[in-house]
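Here the chain labels run A, B and C in written order, and each chain numbers its own residues starting at 1.
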Amino acid sequence: MAGNIEVRGLSRTFHTTVRRPGLAGALRSLVNPERVEKQAVSDISFDVAPGELLALLGPNGAGKSTTIKMLTGILTPTSGEARVAGVVPYRERERNARNIGAVFGQRTQLWWDLPVRESFAILRDIYEVPKAEHAARLREFDELLELSAFWDTRVRHLSLGQRVRCDLAAALLHDPPVVFLDEPTIGMDVVVKEQVREFLRYQVAERGRTVLLTTHDMTEVERLAERVVLVNHGRLVLDGTLDEVRRDFGSTWQVRATLADPHTPVGALPGIALVSHDGPQVVFGPDGPAAPTVHQALKLVIERYEVTGVAVDEADLEDVMRAAYAEARARAEAA
Amino acid sequence: MNAVRIIWRVTQLNFRAQLEYRTEFLMMIAIGAVWQVSVIVFATVLLTRFAGMGGWDSSDVLLIPATRMLAHGLFVLFLGRVHGLGRHIQEGKIDAYLLRPLPVHRQVQLEFFPTNAIGDLTVAAGLMAGALGRSHLDWTAGRITYLVAAVLGGMLLETALFTVVASASLRFPAADYWGRWLEELLGTFGSYPLNVLPRAVGGFLTFGLPLAFVAYFPAAVLTGHGHSTGVPYWLAAASPLLGLLGYLAARWLWRWALGHYTGVNG
Amino acid sequence: MTTLTHAWRAARVTPLGELYTPPRVTAALLRLTVQVVLVASLWHGLYAQTGTTAGLSRDQAVTFAVLAVLASRLRELDQYAARDTVVQHMYYGTIVYWYLRPLSPQRYYALRALGEQLYGFAWAATGYAICLAAGVVVPPESAAVAAVFALSLLLGQWVLHYVMLLIDQLCFWTLRNTAALLILIFAQNLMSGVYAPLWFFPHWFLVLSSFLPFQATLNVPLSLYVGRIPLSDAGFQLGVQAAWLVALRFLTRFLWRRAARRVVSQGG
């Protein structure tokens, strides 16, 4: 039941046909198509521990969805290995299917023409979930996602937020230890988003599920993930905790302190520079590559000086990610 | 003038889009060939089997399917996108069309290039050539003009019928089902002299579903059976005009329905 | 037991959607009634000037045509409105979920088809009973004919299932084939005798048909029913149907495997 994910040197190449421009080109492509290779994912390795929520981040087209598809068994890798809860997904797809739940953004797995509860019932039978267990889990999901207000409605009449909540419930009905979510909250309003995040937090913390999430919403990452894996152009750029990411790319924090005694002599600390000093107001910033994280810096400042107030300015995660993406692109261009 | 340029450009693009899907395009041509053979066989077989059907000479009967097929082919080529529009409506396409500074109906018609119309028109033209070749009628300028008008009227009437279904689809997703039935009815009952049917049934196909005006009445008028169709001669003879009126009425209905469009999926 | 309930659950997917939409049921009822009346009057009308033609008397031809209308009701459920056709699943990308479940796509597909078939059969059987009572169709000549017809109809529907599956499987390779699908469905209808009994067609067409599976779906069982194929030939015809069944079963199984490989190599 241990829902860990191991990924080792996973790669995937696609072959596509390029179309020549113009009518003549279209006709020529019809007769003699030109094929090109595209490396969607190359040599990616990472681990997700049981009960961990990992955010897989990267710009559009970075290879996130391809990675998720390989881990769900829909796509076979060109090379490399992956294990999800001990199963090689693309080799034993149906066995893997019992261990995982998945939601792919706006694609719904619910039956369009039937009330949601019918879809739940079909899935219950497909996954062979005992009736009592199914009912109990539905109650639990209802408490967190307020499904009962609309679960007798046919799917075609649901709003996006309602449908995705139902899809989340549908993906977790068979109690899978591992859950894959490909942009689950895309296009949802803030209230529903928060509800979904609460639900996911609960599933990880209380139910011990392993969750692999892709998203472009940095608030979501901040609220949910402790660890992120960043991919770009199919390559793994970074694998670390949010703090590490901030330290590497978000070196723009500032600690503002108000000194109890304005005449205290102030100077730089290890890895921390004094940015400005005006009476009792002092501002510290990071200094060099060995700079501590903002939290460590805060601790150091408080330990070193007697202060009556502190404030922290930090680049938000979106800025951090922008910096990380930019550097990844620069590195890719240099290579 | 600008409208014509847009139509031409979009049609060109659509044609190229069809070429993009290689297997699909080649398959369409291959399957189209099978289909053409089937249609000709179907249309001619029954007519030769039941010679003298409804008191008509078999060379005269042939004019009915020929007119109907040619009208249908032109419909598919020029106006056919109203058929099956319900699907696109369900996908929310209308919402996108309403954002552009072009009439929605025109955008609907420019949705894609109907590759299959090429096949349809080929069969229809062949059938029409065959029917005219076997015809013992004297093809005066007047007759030819009337035939051309009848084909155009048939095209417009078919468009009108599918436009009504499309207007209903704006509101009721299930209306597409009626569209498919309509297609089946036109295909199955459009090719016979309808006087072989009991009066009530013939009446239904005249006044309930005005199928008789597409090809049967014009052919009857052309071949001298105009007085034995069960409706007044002037009504049968006015078929092309009724096609035009039906088309205009349907376009009006479409505009009205569009004005009351409330979107799909909430 | 669980296998049975999940089979039942998957089987009732499409009929249930139909029953949740009463207008569709009303529409189906109206369409079936009108179609039977129209077809029956058309064939009566066509035979007005002719005696027996193509080996079919008027009653045989009318019975054949009406039964064909009823039989086409067997698999006529609206999967499209339910967004549950293979082509839509490919278009919306939801086909991936078929491959994410511990129930194989081919099994789900087969169960769903079985449910539709049973639902359609209830309709067709009711329609048949009414038509028989109203004298629109003639009863089979003997109990033996009825039995052979029942067997042949079963085989025919099974072959039809594979033909329709084949058309759906095409969607794994060509995404935008709705127009092609319509044409294929037309060909299937034409060459199985839905529009007119194949006996009316020229000899070369019959020869061509005999190399294709379509006539095995409907023309054979209905011809057995009306007596156009005598009981003495029934064994051979049933054999041909069975042969198509086996051949198509292997072909569709092979294609399911290729389709899975394609999904797995493209990612759905």
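Throughout what follows, a residue touches a chain if its C-beta (ideal position, glycine included) is under 8 Å from a C-beta of that chain, and two chains touch if they have at least 3 such contacts.
No experiment lies behind these values; they were computed from the predicted model shown.
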item	value
Per Cα centroids, the chain farthest from subunit B	A
Contact-richer chain pair (by C-beta pairs counted) among B-C and A-B	B-C
Subunit A-subunit C separation of Cα centroids, rounded to whole Å	47
Averaged-CA centre spacing for the pair subunit C and subunit B, given as whole angstrom	27
Chain centre separation (subunit A, subunit B; CA means) in Å	53
Per-residue overlap in subunit B, given as positions that touch at least 2 other chains	173
Multi-chain contact sites of subunit C, meaning residues that touch two or more partners	21, 81
Contacts with 2+ other chains: residues of subunit A	156
Residues of subunit C that touch subunit B when the two form their complex	21, 23-24, 27, 31, 37-39, 41-42, 44-50, 53-54, 78, 80-81, 173-180, 183-184, 186-187, 190-191, 195-196, 200-202, 205
Residues on subunit B engaged by subunit A in the complex (per definition of touch)	12, 15-16, 19-20, 22, 25-26, 173, 265-266
Residues of subunit A defined as touching subunit B within the complex	17, 19, 23, 26-27, 29-30, 33, 156-159
For the subunit C and subunit A complex, residues of the former touching the latter	2, 5-6, 8-10, 13, 16-17, 20-21, 81-84, 92-94, 96-97, 99-104, 108, 263-268
Footprint of subunit C on subunit A - complex, ascending	14, 65-66, 69, 72-76, 90, 93-95, 97-98, 100, 102, 104, 107-109, 111-115, 118, 121-128, 154, 156
